[in-house]
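First chain written, first letter: the chains are A, B and C, and each begins at residue 1.
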Amino acid sequence: MSRPVLSVRNITKSFGGIKAVQGVSFDVAPGEVLGLIGPNGSGKSTLFNCVLGQYRPDSGEVLVNGRKVGGQRACDLNKMGVGRTFQQLSVFPGMSVLDNILLAGQEHKGSMLSRLFGPRDAGLTGEAEKMIEFFRLGHLRDTLAGALSYGQQKLVDAAMAFMAGPTLVLLDEPAGGVNLTMLGALKDRLIAYNRDHGTSFVVIEHNMEFVMSLCTRIIVLAEGRIIAEGAPEEVRSNQMVIDAYLGG
Amino acid sequence: MARFRYPALVLLGLAALILAPRGEGNYIIFIFTSWLTYSIAAMGLNLTLGYSGQISLAQASFMGIGAYITALLTLAGLPWIVGMLAAVAATFVVGLALGFPALRVKGHFLAFVTLAFNTLFFLVARNEDWLTGGNYGLSGMPRPNLIFASTMKNLPFYYFTLGVFVVAAALMWWIVHSPWGRAFKGLRENPVRAESLGVDTTRLTLLAFAIGSAYGGLAGALVSPLVQYIDPGSFALGISLKILLMVVVGGAGYFYGPMLGAAIVILLPEVLRFTEGYYLMIYATAVIVLMVFSPRGLMGLGERLWHRLTRPARQVRADMAGGAQL
Amino acid sequence: MAQFLQVLLSGLSTGSIYALAAIGFTLVWQAAQTVNFAQGEFVMLPAFFVLIGVHWLGMPLWLALIFGLILSMIVLGLLFKVLIVEPMLPNGGLPLIIATMALSILLKEGTKQFYGAEAQPYPGLFPQATMTLGGAVISVQDVMNLLVSLAIVVGLTLFLNRTRTGRCMQATAQSPAVAEILGVNTRRMVLYAFLINAALAALASFLISPIYLAKFSNGENLGLIAFIAAIIGGFNQIRGAIAGGLLIGVLDNLTATYITAEYRAAIPLILLIAVILWKPEGLLGTSEGRNV
């Protein structure tokens, strides 16, 4: 097997006296779609933030493409090949869809100074339009992102995460608040992108249906520990998972 | 045809600016010149506030720093261009320094830090008379001598200022339409998302302040020879508020907003002269009403009317919608 | 030592008046996230209401004071909220900041136009006498100002902590959504905050105008001091505003007497920058409720 895209090694993180994450380890292989699920307070978000370098774990380490994560600014982490989406709507509402997508790619083109003197679109219009088409937003190319529907904004958000060609994308509750029709479209596009580009995903999600059909492997967290791990159908029938969710 | 419409309009505007002072008296030419000068300062603040979303109440102090540097250097016999370059460089650096607080605090906290900076500058300019002449200020600054003409008369100085203005505006146009402009807007609209997409928001915030302040410095370098007398009061907090009003009344985040706003703030008193002392009251009331009905200023109002005629309504911009914390 | 005591007491006295304006500022901030750039003018104006009562309407001073207080609460409380803050809330923060700046110009220029640009003598509330205490000459006015302001602050604190309305106001300030669920009429609580702010500004005006005389431009400095006091003390709580006001009053007097008169105005500004950069929650503040 090739080197994992993401390697989480024995992470522990506590707040005050409460241990949010206790000795969690897992790897994400290239092209893999990993779901992180668990009841509220199971440590998903803390783990996510450790991977993003927002929290410094008390012990253990996180490696992205073999490089250690922790202490970097978000922009530098992004330049290491990590894209992400946000739980809340996270587009640039006063800019057109095209400008949203261009901004998501331009910082990876050349140096800051060369961007000032280079072309207005940083030479990315073609690529951005392809991305917009891929997410079926072509007819909205010049619409302000803030004027789109909730689901459409989620699609823009996802498209932005992919624009710089990351090796790993962290999806933070992508299905939250999206209506059923849009949810199908979103899932379809995410699966297609993964198939075409082999980008690895880590998905935090509450919507079981969505996670089970999107992910190739699922890790279940409860009280800061991994209690189950495996293919969606294995996890679905695991008694410990059912107990954890039902508060057993 | 459509692609020629915009350049044609710009050329038309330029022609109007060239022809405007013809046959006008000295006073009117002076007013036009100060409009151009304040437009440059307001353009700078528009980059900081309008495009990048970082409020600053210190633009007058940057004009002041630029004006004093230019005055001192030209009074010492150096050519204006040297004074101007020194003023721009110095205000760029000081602006960069003032950007550091913006990395830590936003909104009204930033407003107060910059406000305090402006007042501190005023105190220093007033109290250090060995350098600044204190309350008496500095006077008798020579106007720049161009190869082909002297600018001692008001009309040549107007054209000189117009030249500087056009260059400054063209540079600003370049910046805001480059990828930098997009990144500045990203900083305004959603800094957290921008950072996660690889935008170095730290560097960008500092640059937004530095470039905006340098435009203030450039305006100051023009004020010095224009008025040929500067004192601390010309760069007090009130003037910063005036420049802020220009940007917001014209339309923050619109390229032509600050020029329109400066025109209104500078020219309106002349138009409303007959109202005597009531002018400021009328003006203040108009601003309040404008803020209620069109928080995006006159450009925003015009755009809205235009879109009502041509297209359906647009969405509120993020800095305006989510700015209750400001 | 005697001089130090004098300087300290007169600092505390003006500081306590600053604190009143700063508390009002804090209350309005908590209730409606409104940064009122016209707060200084809110302190300048009520003195003129009183002068109108005395000189134009022929009222005795006590009645003019009540008249001034009520008129302030209507104009600077109710009308300010209904005509300026409320229509602007959906537009967000920046337009509101600009509008309150414009309001400060409007109030200042209006006063200048209608009452004149000269400083107006203003009737003192307390005798201009002095007394000696341990060798220090102390002005009765200073002592009374301090006592009255402290009494107002204590009264306000009791109101906020001990009465049902006061507690509802605090709940609204902390979490409007939760307060709403608990059945608090949050709109009314916000209105109370504006009314109390206007009343505090009026009281500060009545106390400070005998010292500074009533002048249209008084607000420029007062507003700035009120902001600074509110911020360095801790923007989201009342005791912070009190501490900030007293600190600035004392510091200002000490600097002017012992260090430099030229840069006395710089001291609060430097303090402000330092606090915002190193302890933005304020000297007594807690980090919650701060929006960075």
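By definition in this document, a contact is a pair of C-beta atoms (placed from the backbone, for glycine too) under 8 Å apart; a residue touches a chain by one contact, two chains touch by 3 or more.
Since this is a predicted model, take the numbers as computed values, not measurements.
Q: What are the chains that subunit A and subunit B both touch?
A: none
Q: Taking mean CA positions as centres, which chain lies farthest from subunit C?
A: That would be chain A.
Q: If I average the C-alpha coordinates per chain and also across every protein chain shown, which chain's average lies closest to the global one?
A: Looking at where each chain's C-alpha mean falls, the closest to the middle is B.
Q: For subunit A and subunit B, what's the span in angstrom between their mean Cα positions?
A: From the centre of subunit A to the centre of subunit B is 41 Å.
Q: Go ahead and note the Å separation of the Cα centroids belonging to subunit A and subunit C.
A: 49
Q: Give, as an integer number of Å, the spacing between the C-alpha centres of subunit C and subunit B.
A: Chain centres of subunit B and subunit C, defined by C-alpha means, are spaced 32 Å apart.
Q: Spell out, as numbers or ranges, the residues of subunit B touching 2 or more other chains.
A: Correct list: 319, 321.
Q: On subunit A, where are the residues touching two or more other chains?
A: none
Q: Considering only the defined contacts, which subunit B positions touch subunit A in the complex?
A: Interface residues on the subunit B side: 175, 177-180, 182-183, 185-186, 188-190, 192-203, 253, 314-319, 321.
Q: Under the touch definition given earlier, write down the residues of subunit B that touch subunit C in their complex.
A: Touching subunit C from subunit B are residues 55, 101, 104-109, 111-113, 115-117, 119-120, 123, 126-127, 241, 244-245, 248, 252, 277-278, 280-281, 283-285, 287-288, 291-292, 295, 319-326.
Q: In the complex formed with subunit B, which residues of subunit C make contact?
A: Where subunit C meets subunit B, its residues are 33, 35, 84, 87-89, 91-99, 101-103, 105-106, 109-110, 112-113, 224, 227-228, 231, 262-263, 265-266, 269-270, 272-273, 276-277, 280, 291-292.
Q: For a test of understanding, state which residues of subunit A touch subunit B in their complex under the given definition.
A: Contact set of subunit A toward subunit B: 73-75, 78-79, 83-84, 86, 90-95, 99, 102-104, 106-109, 112, 115-118, 120-122, 144, 146-147, 160, 163-164.
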